[in-house]
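Have a look at the structure below, then the notes.
As written, the chains take the letters A, B, C, D, E and F, and residue 1 is the first residue of each chain.
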């Protein structure tokens, strides 16, 4: 396994929904980093998906899925 | 992390299903904004996905996923 | 936020699974309407996805996701 | 709303996992029927997705999503 | 409904996670078989998706969804 | 069924979220290996999806789905 942290702070627990959402975004990005470790390639791909409507929507789906897990872990910060 | 609010009011709790659905839509849109901060580019992409059947369907999937989390957080407003 | 009702009757509770399924379909359609408010454009897109196998399948995925939430809200009408 | 039954027997409860799986398949198909009511068009599309690997995989994802709901409704037939 | 078994052993309960994962794979494959009953066609499609990166990823998504249900049914083999 | 381990250590239980995330990645990869057993083909496909923005996003969706199950199995390491 590559030496890269996949879950920042090694915890799904956050103080607020906002921080939970940020964690979801970070976790999604870290999988991209794990799969494509080359920073230059990732930078180029960022320009690609940043101007592609379908890819932006797909990124939204990924974050939604990660956030579902983080939110459940935090009992939805009720 | 970009300085942008990802969860309006920093809470998943809403008074009604309607407000919960609106929150789900907003949260989905904020991920697009986070990923593509340029307002002009987003405006152009909006014209793209607004007239593309597959992208509209994909947006529906994203909102459905976000709403599942918001609805669970609110115990489905039972 | 556009002035459009996103959750009919502002409730996820329905009397039967059949009505719950209809609600899931309506909620999915209302997101399309929110994202593309122009009725003529939506009518044209309907002809597109109605004759496209992949889009029909994707619509099925959207409804399945919405229905999962509605069904959970109703404790599966057990 | 079109006059078409979306949930056979108006119930998610089945006697066995096998019947639950069949219900999931039927529910997925009924959304296709609702969205494309023309039987001839559906027949043509069936030939399309039946010989398209990606579409077959996507159908599998739809059924998996429907089945998740049916299985939860039946408390997994434990 | 075609005469094909959709849930092997008509149960979601397995002794181990490994067997649960195998069940998830089988259930995913049986939906393909149900939708495309012709063995020769399926064999040809297998060569298609076996060498297509996006399709392999999509298959992974399908299995993940089926496994989520099987794992929940078994209370995660805790 | 091919002779390949699909769930490392035959358990979904891990000590930490980080290990749970690694397990999710491994489980996703093992489905690719099961579906395409040829190591040379997999190596070539890795170059394909490593430089394709949409595929990287799709991989993120797969891992998110697997991780949802692993996280639930571990009661979110609360």
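We take it that a residue touches a chain if its C-beta (ideal position, glycine included) is under 8 Å from a C-beta of that chain, and two chains touch if they have at least 3 such contacts.
Quantities reported herein were computed from a predicted structural model and do not represent experimental measurements.
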item	value
Interface numbering overlap (same over half, different under half) for chain B and chain C	different
Copies chain D and chain E - rotation angle from C-alpha fit, nearest 5 degrees	60
Centroid comparison with chain C (C-alpha atoms), farthest chain	F
For chain C paired with chain D, centre-to-centre distance based on mean C-alpha positions, whole Å	16
Inter-chain centre distance, chain C versus chain F - centres from mean C-alpha coordinates, in Å	31
Chain centre separation (chain A, chain E; CA means) in Å	27
Of all residues in chain E, the ones touching two or more other chains	49, 52, 54, 58-59, 61, 65, 68, 72
Chain contact topology (line, ring, star, complete or other)	ring
In the complex, chain D residues that touch chain C	1, 5-7, 10-13, 27-28, 31-32, 34-36, 41, 45, 48-49, 52, 54-55, 58-59, 61-62, 65-66, 68-69, 72-73
Chain B to chain C touching residues, read off their complex	16-18, 20-22, 25-26, 49-54, 56-61, 63-65, 67-68, 71-72, 76-78
